[in-house]
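What follows is a group of structures, each given as structure tokens.
Both of the next two complexes hold chain A, though its partner changes from chain B to chain C.
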Partner chain A sequence: MTELVRVEDVSVDFPSPGGTAKVLDRVNLTIGDGEIVGLVGESGCGKTTLARLILGVLPKGAAVRGTAISFSGQNVLGDRAETARRQLGFRIGFVPQEPRAALSPLFPIGVQAAEILRWSGSSGDRAGMRRRIADMFARVQLPDPHAIMHRYPHEVSGGQLQRVLIAMALLREPRLVVADEPTTALDVTIQAQILTLLRRLALEQKVAVLFTTHDLGAAWEICDRITVMYAGQEAESAAVGTFFAQPRHPYAGLLLGSMPRPGAGLPESITGAVPNLVTPPGGCRFHPRCPRALPICRAERPAPAGPAGQSVRCHNPLPERDAA
Partner chain B sequence: MRLLGLIARRLVWVPATLIGLVVLVFVISHVVPNDPARIIAGENATTAQLAALRHQYGFDLPLPEQLLRYIIQVARGDMGVSLYTQTPVAGEIWRRLPATMELAVYAMAVAVLLGVPLGVAAALRRNSWFDHTLRVLTVSGLAIAAFWLAILLQLLFAMWLNLTPVQGRVSDFGPSGITGFYTIDAALAGDWSTELDVLRHLALPVMTLAFPAMATIVRFTRAGVIGTLGSFFVDYQRAMGVPWRVTVWRYVLRSALTGTLTQIGLVFGNLLAGAVVVEAVFDWPGLGQFAVNSILQSDYNAILGFTIYVGVMFIVVNLLIDVGQVLLDPRGR
Partner chain C sequence: MPPDSQNPTLAVESLVTHFPIRNSFGIRTGWLRALDGVTLDVAPGEVLGVVGESGCGKSTFGKTLCGIHRASGGRIVFQGEDATHAGSAQAKRLRRKLQYCYQDPSASLDPNWTIGRSLAEPLVIHTRLSAAERMARVHAALEDVGLAREHLSLYPHEISGGQQRRVGLARILMLQPSLVVLDEPTAGLDLSVQARVLRLLMDLRERHALSYIFISHDLSVVRLICRRVAVMYLGRVVEIGPAEAVFGAPSHPYTAALLSALPVVGGERISERFRLEGEPPSPGRLPGGCRFRQRCPRAGPACAQQEPELTPGGEGHAVACHFPLAS
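Entry: the complex of A and B
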């Protein structure tokens, strides 16, 4: 699989009232062409920051350092991300967590979709654009696509609005769709529909997806590969089958153990809390809560290691189980 | 159409508001210890003469009856006769209205056309030297008294630079025409030398009135834009490739203007109050001067008439703002 996006050793600091928050710490992430990658972790682990780093919309004051952020092999680190990506013709579609907040309440949905289309390298007259938008609305299974273009965001339900945003993301004919907790704000019954839709369209259009979620079950449903983050560091990255069968990082193991399963009683919770990112623990940030911590874990962050297709950053990973 | 329905629903309340206004104005003017009959009759009038005058003007009737008569009279468009000039008040107001309206409309236009872009620019360059300079200017705009600014402008532009006349509305005679707006009448007549003369007369009073109005509009636009820039849809559009200028001038500005628009009602009120002073300084033959004269002469019917005019203006402006608000923001529909 060719590499589409590569984030290498990138750190992001935010100014905060209590001091500088080290929100991302030397993070690595790769997304292959057409691959659906799940970025999993608790709230505040940096997954949204990583998504926004790739989108090029970090909040003002964020300081980015590192080796590379590359799109199709072109390193744009240090450049103005949006400009650099436009020059590369590398378009990203964004499906945010709160669909309602992503749209201006003052303009009809069709007008805002047309605005996205107009600035995504599309040429054509108004009628042609309307037709393309309506076609895409039909593909995300919106009932009555033409009518919905004339509605305002407040006249449409949250689930339908998220379909609109998926359509808007795909209208750009993107190489990558970044879906940042796209179903968190929706009803449980709608969540599954949206996720299935997202996966189906991504496969149809051969577009890669970066899907952030705190819901391991959702990641299991739609992802090819999973990257687990903890407190601004990535812990483990593996193909979805490998990951669920045999997590190697202790945090990944505990995270899986905390998933509720039918017939398994109450899930185990992980003791302790996510650390403060202004003064994070040294080395591997998980060591204060880790049952397998060694003295070296405090001092040094382990390098990525593991068999092909799997990357684990742990000095004392969970043992490999025999195929039973 | 939903918009027409909304306007109709608003219009239903206008008569009720007007009656409330007339009652209020009437009551206030009657608790003031002032005997209009004595003013008309002069100092040497006899008791019999006073009684005759009171009877003639209906001042001897019970207060509720006077009020009822006044309401009916106003409803017919009759605001009574000026106690001083003996001319109908309604006619006098109607005759002077275009002069004041021309001043107010131009001042408002200048304030909005300068204030909105400056407010956006200040928000985009927050805490830059431009923003700070503009803040000094806007605070001055709100703090400086209109009569003082008017005199300063007269000194600078009329006396020293000799660019504009000191006062008045036109040098010779105003253009004859239907609208009473000299700028429009002169343009309609194709009389460009008069047009230029009228514009030069307008410049200073319009500046005086527009300055504080612009200051308010700059401040509210700036605050609105800064508030909206924090909205998530701004980040979303940036990530989705929409150019910054399009996001700011189309989407952010429209959100910010809903806040500015509400302020325009208040700004317009201040403008009418300011017009009273400005017209006095610039010898402008409008309603402001009429109000000053009426008050100085205790011309009771004229004061009532002027107050009702101001109230009506407020009702009309607020109606327009409500409609504009709905046009800007579909959620109110």
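Entry: the complex of A and C
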């Protein structure tokens, strides 16, 4: 698989009333061409910041440092990041968490979808545009695509609106879609429909997806690979099957252990609380809560290691279990 | 039958809650049938799960039980006494023992009050305890939910979401209830915090001999902690029974669909097994007959003509369906 996105040793700081919050700390992430990568972790772990960094929509005041953020080998990190992005013409689609908040209540859905085509510089007559939108609406299985273009967002249900936003994200034929908790606001049966749709479209159109979620079950459903984050650092990245069967980072192991599973007893919780990002612990930020912490964990953040396809940043990873 | 069904803590009979739908002139144009004939009971010490998707009426059910919404019909019998009419003195007295725990603790705590004042308030309203006695109870409840006394002088925004849930629970405990309606007690919590809250809930139940009505959309959590489960769809209970039976061998096609939508880590992906099309209709415009029939893969002509009643099928398992799945 060729590499599409590479984030290398990137840190992001935000000014906050209590001091500078170190929201991302030397993070690495790769997304292969056509790969569906799940970015999982608990609130405040930096998954949304990382997604926004890749989208290029960090809020003002964010200080970004690091080696590279590259798309198909072209680095867009640095002073001229904005121009570099534009020159690239790299296309990234975005599916937000709250579909209703992402659309204007004042315009029909079709008008807002057409705007995306206009902004991305596609020329063409109105009829052509309308046809393209209706085609895309049909691909996301919206009933009666032509009628829905004339409706306002409040006239459409949450599940259907999320389909509209997936269609809008795919309209520009992107190479990457960033989906930020796209099913969190939806019911389980609708979530199942949307996840199925997202995975099918990504495979059909060969689009890579960066899917952030706190729902490990949803990540299992659609991802090829999982990267788990804790307090602004990535802890482990592995193929989805490996990750759920054999997590190697202690945090990944504990996170999986706190998941309710049928047949098991009450899930285990992780002792302690998430650290404050203004004064985070040094070294591996998980060390104060980690049952396997060594003295070195306090001083030094471990380099990524592990077998091919798996990257674990831990001085004392969980032992490899024999495949049963 | 569920244990001790002769002496249930709570017995609900054909409970109905309708809300008027008004047009922009304030004239009623119809009824939103949020709760449309729910019958069930809760045995002492039982944890009954109520599951369903948004709009199925599960929160309305909990709120009607606790007198937050007025019942439009039916009966609520709590500890052998009628608690249906919210205004009556009898209902008020009974409701001290029947508490409702809000979904969003940050929204149900007064931002201008310290945690200590919020906790003592129910005692001021419902009891004649002295200030010192109130304080003693507050301290005991705080200890029960695992919070330090220092929290008493803090304001809700100064503590974390998990701690706010604990305060919400401590407040419920103040009046020493016997039945607590927990409305989405784990929604919006991170996994590790959720695990802690679940442990706390089970621990409190044991120590205070509580019964819970556990309202949640999260089936994996309900499956873990509830002995009996009611599945609701558009204002009605479509299936109720022991958790193993409902989750292990669902009878109603809707329950089966809900379960197939649940991600199973390590199992088949939902894209390979999930089949339910469409979305629930609005509770303001319900179809005739069975409410699920338009989405149901097993629907037949009978489903359009008559709404199926909840029919017991043995071992406390009941289903409202003309063509239930064979177990």
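Please note the rule applied: the second predicted complex is superposed on the first by the 318 of 324 C-alpha atoms of A that agree within 3 Å, B and C clash if a C-alpha of one lies under 4 Å from a C-alpha of the other, contacts with A are read in each partner's own complex, and residues count from 1 in each chain.
Everything that follows uses one rule, which is that a contact is a pair of C-beta atoms (placed from the backbone, for glycine too) under 8 Å apart; a residue touches a chain by one contact, two chains touch by 3 or more.
Being a predicted model, the structure only gives us computed values, none of them experimental.
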item	value
Fit-or-clash call for chain B and chain C when the two complexes are aligned on chain A	fit
Which superposed partner A:Y152 touches (first chain B, second chain C, both, neither)	first
First (chain B), second (chain C), both or neither touched by A:F94	first
Which of chain B and chain C A:E42 touches, first, second, both or neither	second
Chain C, chain A and chain B - angle at the middle CA centre, rounded to the nearest 10 degrees	80
Which of chain B and chain C A:W220 touches, first, second, both or neither	second
Touched partner set for A:L106, first chain B, second chain C, both or neither	first
Which superposed partner A:R261 touches (first chain B, second chain C, both, neither)	second
Touching partner for A:Q191 - first (chain B), second (chain C), both, neither	second
Which partner, chain B or chain C, touches more chain A residues	C
After superposition on chain A, the shortest CA separation from chain B to chain C (Å)	10
Shared contact residues on chain A - chain B and chain C	none
Chain C to chain A touching residues, read off their complex	53-54, 160, 190-196, 198-199, 202, 217-221, 223-225, 247, 257-258, 260-266, 269-271, 274, 276-277, 279
Chain A residues touching chain B - in the complex, by the definition given at the top	52, 55-57, 82, 86, 91-94, 96, 98, 101-108, 115-116, 119-120, 152, 154, 168-169, 172, 178
Chain A residues touching chain C - in the complex, by the definition given at the top	42-43, 157, 159-160, 187-193, 195-196, 199-200, 214-218, 220-222, 244-245, 254-255, 258-262, 264-270, 273
Of chain B, residues touching chain A in the complex	231-233, 235-243, 246, 250-251, 254-255, 258, 328-331
